[in-house]
Amino acid sequence: MLKHALGRLGHLVLVLWAVTTLTFVMFRLMPGDPTLNFLSPSFSEETRAALLKSFGLDRPMWEQYLIYMANLLRGELGMSFLQGKSVVVLLGEALPNTVILTVVSLSCAYAFGVVAGAFLAFRRGGLVEALAIPSALATRAAPEFWLGMLLLTGFAFQAGWFPTGGALSPGKELGSFSTSLVSGDYWWHLALPALTLMLYLQGLPLLLMRATMLDVLNDEFIVMARMKGLSRWSIVIRHAARNALLPVVTAFALGLGASIGGNVVVETVFAWPGIGRLLVQAVQTADYPLAQGAFILIAAVLVLMNTVADLAYALLDPRVSFGAKR
Amino acid sequence: MSLLSVRDLTVTYDTQRGPVRAVDGLDLDVPAGSITGLVGESGCGKSTLGRALMGVLPDRGKIAAGEVIFEGQDLQTFSASARRALRWRRMAFIPQTAMNALDPVQRLSAQMAEILIERGGLSGREATARSSELFRLVGLDPARLAAYPHHFSGGMRQRASIALALALNPSLVIADEPVTALDVIVQRQVLDVLRELQARLQLSMILVTHDMAVVAYACDRVAVMYAGQIVEAGLAAEVLERPLHPYTMGLTHAFPDVHDSQMSLVPIEGSPPDLHTPPPGCRFAARCPFADARCNNEPPPSRPFGPDHLVACWHAEDATTLRGRAADPQTWAAIA
Amino acid sequence: MTALLQAEGLQKTFHSRGREVHAVQNVSLSVSPGEALGIVGESGCGKTTTARMLLRLEEPSAGRIMFDGADITNAHGRHLIAYRARAQLVFQNPFDALNPRFTIRRSLTEPLRNFAIPVSEHQDRIESVMRRVRLVPAESWLDRRPHELSGGQLQRVVLARALISGPSLIVADEPVSMLDVSVRAGILNVLRDARDSLGLAALYISHDLALIRYVCEQTIVMYLGRIVEQGPTAELISRPAHPYTRALVAAVPVARVEQNREGLPIRGSLSDAPPDPSGCLFRNRCPSVMPRCATEAPTLRTIAPGRMVACHLEGAM
Amino acid sequence: MLYWTRECPSVRSASRVLRFLRHEPFAVAGGAIYFVIVVVAVFADELAPYDPRAILKLGSRIARYQPISAQHWLGTNSSGRDVLSQVIWGTRSALEVGLTAAIAVVAIGTVLGLLSGYLGGWVDRVITWLADIVLGLPFLPFMLVLAALTHPGTGIVVFSVAALLWPNTARVIRAQVLSLRERAWVEAARVTGCSTTRIMFVHVLPQVLPLAALYGSVAIGWAILAEASASFLGFGDPTAISWGVMLQEAYANQALSRGAWNWFAPPGAAIMAMVLAGFLISRGSERLLFPKLADQ
């Protein structure tokens, strides 16, 4: 198990290196003068000179690459053009909002999906199944931002129950992220974007849970459990659910990684000040240092969660953790 | 009196081509304290019968008719919960592929304790002690209780399955091809464990198999099953030495004998009938070298023939001469 | 009679999780035309790996394979194809041995095409081989797909495919273990007839000595990758020399009520292999183990004409 | 099951198709949706009541924000264009993007999955490694950055889908090939003298094609969603008439605060219907192609 974990961590570092290198290539080798991408015309002479030096933009490409990597390792991501702030600071302000939105919506979606999926596995056929499965598929098929637009129009613009965007009402200012967590206003703003994401995300765990549950219920050891005269409850909870949850847990970890980058459109629709919206703004305004930083952060989270998913699976399934065949 | 007595049992499956009678009007008696071999080729309904006796058929299957009288009570009159209460306490099951039959993500100790605590009403500590005892009984090191099923070899898994089956001291154990997937030496060891425990605990056992040699080695009695029915049943010594049904005769010549280099094997050409549309007469008639017009039209009834020997064949009277002819492959080749 | 297939010092080592597993160690054997050799042993004894190496489906880690006077250990390309046309395999599981999408005709044509047999011969070859495996008339079978056939019929098709290129060697790995009892004899008889009338060399792999006895004159007994005993089948069964062979013979059940039901002269299971590979690998299970067995690996020695055993026991006979 | 059915193959397959239609209403519904979309795309010129780009007038004034009416079944948008006509024309770009991207992604995924599954060894390691890297690239951000650094348009969408979504297909195909490779009939192909290439492409590939097609029908959906998201964020082809562009225009022109449902509900519903159709078909055909799953 430990060996497996170390192997995965080594793999993680390699993938991270490859992804950051690819990012470098993407941002430097695109058409146009790449050095100009990183220097805003509005910067003062000193700033320009300092940036040129710190990013080695006047040096040959391979030297720039080494400097880029060194900067990355030190957590130095440069200055945003528009906001005139350090990229790291801007990302640090946005990240908690994204994490909160993702964790809240994903947890609700999985809690609902797992229970509903398990229920559907038992209620084969009939009207419930005929309605539930297409609806679960439909929410996965709808564009997230369109779901958001519908909710926004209905509940915010027309009914007026929820704010139309942002994380706080105008005029309100909260000192730190921890104070915003206890602010009712913050949660009130969070409700609609979280609901949108939850609607979009619940389909996967629901269908996955149902499918694996049906799969497991068909396994011979479940037949054996019935032969043993175990109660339905023991069979479902101790044997079926325990086995069926394995892929769902993996999907949760993968979903966590994917959602942090995938929130881009929902954050934009609701003007939710998270990483995704920051990235969209940066890209739209050609604020390349910020775009690059946000991209690397999102990718890093994704790579990390992929590894976590893998480790979680190994941890939960003795067949993997003890080196048996899958 | 029989421990288990099955009368006119019919099990049907719903398939896309309509219902099929996997077990059709079957009679079977299992006396207390004996091992009864249930032998036949695949698809003849052996496994279905085993599951039906346990009361755990797949969703598409159901017992359509008949009685299952176990320890003097007709199980078909039992409520679902009464039936469930009986399971594993009075009758237990040993599956063919123990790998799939054990929960892959739980240690053997947990799977053992589950039965002992939930069904046996033992405390956690008692369950641990009893688990060790059971493991020792089947020749496994109790230290291996902490292992997961995939750590076990095939033979060890089968032993663990036996330990699980014996957990609640059942009076009847149904073993569904328990040694088919095993190598000869392991097969012999597992059979020896079964035989020894049967004798020591005075169990009754139904041993489902396709191998006449396994029956000869381990069983006191044998029931030969073909196309959902018992075609011949009786004491193993009697049935194996003096088979009355041509199918049984064929089966006894279907395996090579390790000590006999002169024997020629007999293939039973053809395949079992489609049970969606069973033939009107004897179900074996189409593959039987001795079948005549009556065999093709009238189903032979099961009738006693000598002490403790039942057979369903119109030609049982001629068995002595047929036996000689059945040993010759040419007799059977004519069918192909 | 010169050997058709000859293997010397075959070795196969797998690497798994940094450990070396010797699946096959120093196996030598030979088969002559018209002769049938059986390899018997429990699963994991290396018998299948040996057969696969002989057919060049697995690369030997060491050793040499000679076929009809030519070294084919490293044959590849054209030479390997030519070898394949003459050395064929009969599979264990007939339900899995035919491409489910191909008709029987296409499955039989595939080797003809690959071995560059002129199209004009195809029909004749197909018909004669179908007659040989007793699937007649051929036309009523050729356009079916595998799922329409029973296990016994499928195995006959598998046999037909193996015979269609006119091979000189047939390797059969547990050819009847997946089949219903009622049809096993039919397959074994077809195999035996084909060998007799075509003068093929045959190699049978099985865990069942009774089956080996029925089809093979010569037998090799393998244990944990090594040959422990070899000789004429009948003698080997009536007077086994190696303690493992003795256990193997005793374990085979017979379809008679009167039989030996004594405990096996063997302990434990295959997984009780000694961790230290020097010495005899069977010593942990052997009823007659001696101190010498732990230190010195027994080599194959001749104990009677044509009989060899790898055991330190003096009176191993 | 227990007994082999002995009917001639054509009867079998015909009855299988009939059974399929009766037992798989989902797949039938999905197929029907696709049929409608294709018909609408082909006959868009005839079906659309107006030129989707025409700025319609009401007298001398531009006909902005017209509600649903007999003239405009779905009303008009802020620039006076007919919404229904735009939805109808949108089917074309949806099909175009969806099909090209799906074909590209499935082709790449299938070939790489086949190579890595069958050949194993270093080929497998390289492809798995590539897939791991690609799985570490967040899809939407990648597409946005790429679009921003080059030029926005459907080309970027198709490229991003093909470049980033192939690992899903490849992984499934690889797993399938790995299990096929263990099958005796694949080994039999080797024994009967087939070359590696022949085994891969003549014996194994046909077995995985249905699975690839299954992923294709889902990939069409992902591509359309990707195009819609890109357009919505302003990185689509601004001159195209697509559902994504319509949603972006609606969002940017205060359709939400005006409650102009008729403008943004239909294109989103169209996207949903088309993506859903892919899901439904893949579910239905999964049960047809892999009947073992259907028993569950």
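Here are a few things to note about the model shown:
As written, the chains take the letters A, B, C and D, and residue 1 is the first residue of each chain.
The working rule: contacts are C-beta pairs under 8 Å (C-beta built on N, C-alpha and C of every residue); 3 or more make two chains touch, one makes a residue touch a chain.
All values derive from a computational prediction rather than experimental measurement.
Here the chain-to-chain distance from subunit A to subunit C, counted in touching steps, is 2. The chains in contact with subunit B as well as with subunit D are A, C.
Contact tally for C-D versus B-C: the pair with more C-beta pairs in contact is B-C.
Between subunit C and subunit D the centroid-to-centroid distance comes to 50 Å (mean Cα coordinates, whole Å). Work out the mean CA point of subunit B and of subunit C, and you get 31 Å between them.
Inter-chain spacing, taken between the CA centroids of subunit A and subunit D, is 23 Å. Inter-chain spacing, taken between the CA centroids of subunit A and subunit B, is 55 Å.
Chain contacts: subunit D has residues 5 touching two or more partner chains. Under the contact definition stated at the top, not a single residue of subunit B touches 2 or more other chains. Within subunit C, residues 150 each touch two or more of the remaining chains. On subunit C, the positions that touch subunit D within their shared complex are 55, 57, 81, 84-85, 88-89, 91-93, 96-101, 110-111, 114-115, 144-145, 147-150, 158, 161, 165.
Contact residues on subunit D toward subunit C in their complex (touch as defined above): 4-6, 9, 183-185, 187-195, 198, 203, 206-207.
The touching residues of subunit A, counted against subunit D in their complex, run 11, 15-16, 18-19, 22, 26-27, 30-31, 133-134, 137-138, 140-146, 149-150, 152-153, 157-158, 164, 214-215, 217-218, 258, 260-262, 264-265, 268-269, 276, 279-280, 283-284, 286, 291, 294-295, 298-299, 302-303, 306. Touching subunit B in their complex are the following residues of subunit A: 219-221, 223-231, 234, 238-239, 242-243, 246, 316-319, 322, 324.
Residue ranges of subunit D in contact with subunit A, taken from their complex: 26, 132-133, 135-142, 144-150, 221, 225, 228-229, 232-235, 244, 247, 250-251, 256-257, 259, 261, 264-265, 268, 271-273, 275-276, 278-280, 283, 295-296.
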